[in-house]
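Labels A, B and C are assigned to the chains in the order they are written; within every chain, residues are numbered from 1.
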Amino acid sequence: MEKRVVFRSSWLPYLLVAPQIAITVVFFFWPAFQAVFYSFFLQDAFGTQSQFVGLANFAELFRSESYLNSIRVTAVFSTLVTVMGLAVALALAVAADGILRGALAYKTLLIWPYAVASAVAGVLFAFLFAPSVGIISYVLRGMGVDWNWVLRGEQAMLLVVIATVWKQISYNFLFFLAGLQAIPRSLIEAAAIDGAGPVRRFWTIVFPLLSPTTFFLLVVNIVHAFFDTFGVIDATTQGGPAGATQILVYKVYYDGVKAADLGGSSAQSVVLMAIVIALTVVQFRYIERRVQY
Amino acid sequence: MIRKALLASLVTVAFAGAAQAQTEIALWHSMTGALGDKLNEYATRFNQSQNAYKVVPVYKGSYPESMTAAIAAFRAGNAPHILQVFEVGTATMMAAKGAVVPVYKLMKDADEPFNPKAYMPAVAGYYTDYKGNMLSFPFNSSTPVFYVNKDAYKKAGLDPEKAPKTWKEFTAAAEKLKAAGQACVYTTGWPSWVHIENFSAWHNLPIGTKENGIAGMDTQFTVNSPEHVRHITMLADYAKRGLFTYGGRRNEAEAKFFSGECAMLTSSSAAQANIKRNAKFPFSVNFLPYHDDIKGAPQNSIIGGASFWVMSGKTNNSYKGVAKFLGFLSSPELQAEWHTSTGYVPITIAAAERVGKTDFYQKNPGTDVSVRQLTNKAPTANSKGLRFGNFVQGREIIEEEIEAVLAGKKQAKPALDDAVRRGNEILRKFEAANK
Amino acid sequence: MVENRPVLRFIHHLTLIAGVVAVAFPLYVTFIASTHSLESILSVPMPLLPGDQLWANYSQVLTAGSTRGAQAPVGAMMWNSLVMALAIALGKIAISLISAFAIIYFRFPLRNFFFWMIFVTLMLPVEVRIIPTFKVVSDLGMLDSYVGLTLPLIASATATFLFRQFFMTIPDELVEAARIDGAGPLRFFWDVVVPLSKTSMAALFVIQFIYGWNQYLWPLLITTDEKMYTVVIGIKRMIVGGDALTEWNLVMATAMLALIPPALVVILMQKWFVKGLVETEK
């Protein structure tokens, strides 16, 4: 993809990219390089003593139960967020696609949670589900549920998943709706003439045709669950109880900031970078393909 | 006498005018609300008492946050003069040899009168090294106590004036409360601090080898002893029978108590003011219950809270000011005032005696419990405090394991074994990083 | 329409109404909580109809903050959030626009190298390099400053891609015409590229404004001075652990104040918002 006609200047293009490149180098590459560097060292909190330990930080990481637990938790969390978020949004998008009047009003009423910060969403749900004063906790207790996410890991997980899904629905909904509206009506009408009911039409025609959108959203949601959910966790469970909601990103922060373990935290950063690179490659290959269509 | 001196110096300041150049002393702290106001007031009073130094207190977020900020500032070369550090950060600060100036040395260099014996042993022990040198200046110290809702006791047919002394009595009372329809019988704040750290000191059991880590960094946790296992098993049993409701790792449980939801609470003595303000029922403050079949119990409890650390790399002149300020803070009248207005324990023996001579304790029943419990007996190697590296993480591990037991996922014995094993890994890493 | 099925349509409406209610419920409870005194919220179950403390709560937080947690006025925090959101949105648009322009309209030796450098930033979200980035900002003396809050977040691979894609669709004839007229690259940029990019800029602005307003981890790390808190951080600071009890009524009032501006931007600029989302794909 090249322009045939271009301008010529020996200095102007450098000047134009300079701000972006400067910020990239100072705030992205240099810190990333330092993360790699520190991951080979063991330091005290104040950095007065430092010693090279080779790969010991990494070895320790993959021996550490809490890190392995964190990997498990992240896998469960991102799977739940992705599956629930996509399922609910798809149902809503199909419904919005199937009505004649009022679609815009519904759309407006469904998309605003996108504007809510993760941390604020976390606070809202922490309040709704607060063990003693929360209104939903009150209803749950009335139904005989022993609701106390401060102690019960699976309840804490449910809480952060619901808060994240709530925020993510609007995004998925918009993409599914756009995907649905791009499906040619003629295909669906043809199936209807063949006598296929709405449910069968959905599974045999609509859903397969929607698969590019679904795949795209799958990747985006996984990335989101991995990296953009720090606020939800920090505002609600802070990784607890017993590490039940300690996702990888939260652990990097906790070990680095609260426990002042620079080496261990840097090693975790390096692992996370590897994960992002893998996810980005998947995502980018897919985007490039879409672009070429 | 001192008030006169203060007044005199105030007058001098007024006459001297603001011409003198003052040396500023930065103090980073984590005191919110009324506590923060009080600290600001002390700084103002100190600043007015002389004109060479000006203490500037800055609120820097919660304890871990202000510590992080200070670490970053130290690395960037602009740390504050004084940093308030919570008790679990003590070992980290102590190991950072080049980063701090020990308080005893600071006072000696500045020729400020300083007698470590004047401080309450249960408080000073926490911040004193093995050679008996005080390294940081204790400021706000509290200890866990046992709160009882008297109305709930009355309703359950229990004597509201007789709180259980032992865990046996506690169990009987809890069962009666439950039978009387009390939805939440008992809850606790700070689970590790109350049920592991203070449980150990109160029963004269070690938390770790090497005198709870005070005698050396090559310490190991010992919180999986049969006594510890028995205690945690008892809590798990309470939880299963609906006698104990877990409230969280910090002080969330306090709200459950003063709202009337839970009838009994173990939490910080510093919660007292807050409970008094919010509870709509009479309550009593008592010693922590103990197991009467463990020899030596009850011993004495240990403290929590924070102390002031002096950071290195500042001018000698400013250190003189820091020393003067710390001396000012430890005066008996100021300490007595701090104790009576906040619920934190007085840090000097003189201050405790001063309050004891007034009718404060008669007028405010329960406020003396923390001091009496801390000084119940002369501290032993097991009860003078603790010092574990990276105890922020260590405590977290203990809490995780306790939560697993309470949730019914693990038995107490394997959980505490795991806590010891995982905790020791952290201690070894700390030891390696701080050779 | 394929067929007219009232039952099916009824189910669709029902699904949507259920969705709207489920999505709105937390917001409703938040609003209700922000109109009551702390006491009535703490009486379980809390009321579900508005109370009479709306004015008291909002004026309290806007001018003074909470009484037990952070005592910084939320009004000032909202200003910080606005500065941060605007600086990030406009900054990202500006530097991405010019770097995309350079990459598309010039051939220079390091072009591909620069393009890949920008691309790679996608793989380094702030969450994975928190500690070292914090250190860099601290070494540069940018803690507790607007520059520290915004500058490190201004680089944007997605925005650069968006403009790059868009520039590819600008017909080459326009460049040729400009060159025949003797216009240099900067004239062309101002007279042709900027006006044509307005739609993309508007769409990007909406997305990046929300991104900037909602930042959490970064301001949490680098602001320790109450004067520099953003609203989102302010909420967190009001939920106190120490020796006091969270004032949920004030927290909820602040939450409302924190979410209204970006929600308004989304709703009022819905067209740009949808376009921005679909085009940046993230």
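Going forward, a residue touches a chain if its C-beta (ideal position, glycine included) is under 8 Å from a C-beta of that chain, and two chains touch if they have at least 3 such contacts.
What you are looking at is a predicted structure, and each value in this text was computed from that prediction instead of being measured.
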{"item": "Far-end chain from subunit C, centres as C-alpha averages", "value": "B"}
{"item": "More contacts between chains, B-C or A-C", "value": "A-C"}
{"item": "Chain centre separation in whole Å, for subunit C relative to subunit B (CA means)", "value": "41"}
{"item": "Cα-centroid distance, subunit A relative to subunit C, in whole angstrom", "value": "16"}
{"item": "Contacts with two or more other chains, residues of subunit C listed in rising order", "value": "42, 135"}
{"item": "Residues of subunit B engaged with two or more neighbouring chains", "value": "75, 255, 259"}
{"item": "Numbers and ranges of subunit A residues touching at least 2 other chains", "value": "132, 257"}
{"item": "Residues of subunit B that touch subunit C when the two form their complex", "value": "30, 32-33, 35-36, 58-62, 65-66, 69, 72-73, 75-76, 250-251, 254-255, 259, 268, 270-271, 273-274, 278"}
{"item": "For the subunit B and subunit A complex, residues of the former touching the latter", "value": "64, 67-68, 71, 74-75, 92, 95-99, 245-249, 252, 255-256, 259, 261, 390, 392-393, 397, 399-401, 403-404, 406-407, 409, 422, 425, 429, 432-435"}
{"item": "Partner subunit B, residues of subunit A touching it in the complex", "value": "42-49, 51, 60, 64-66, 131-132, 148, 150-153, 240-243, 255, 257-261, 263-264"}
{"item": "In the complex with subunit A, residue positions of subunit C that touch it", "value": "1-3, 5, 8-9, 11-13, 15-16, 19-20, 22-24, 26-27, 29-30, 33, 41-42, 44-46, 48, 94-96, 98-99, 101-108, 110-111, 114, 117-118, 120-125, 127-133, 135-137, 151-152, 154-155, 160, 165, 167-168, 172, 175-176, 179, 184-186, 188, 210, 213-217, 220-221, 232, 235-236, 239, 248, 251-252, 255, 258-259, 262-263, 265-267, 270, 273-274, 277-278, 281-282"}
{"item": "Residues of subunit A that touch subunit C when the two form their complex", "value": "1, 3-10, 12-14, 16-17, 19-21, 23-32, 34-35, 38, 88, 91-92, 94-96, 98-100, 102, 106-121, 123-125, 127-128, 132-133, 135, 138, 166, 169-171, 174-175, 178, 185, 188-189, 192, 198, 216, 220, 223, 227-228, 230-231, 234-235, 249, 252-253, 256-257, 262, 265-266, 269, 272-273, 276-277, 280, 284, 287, 291"}
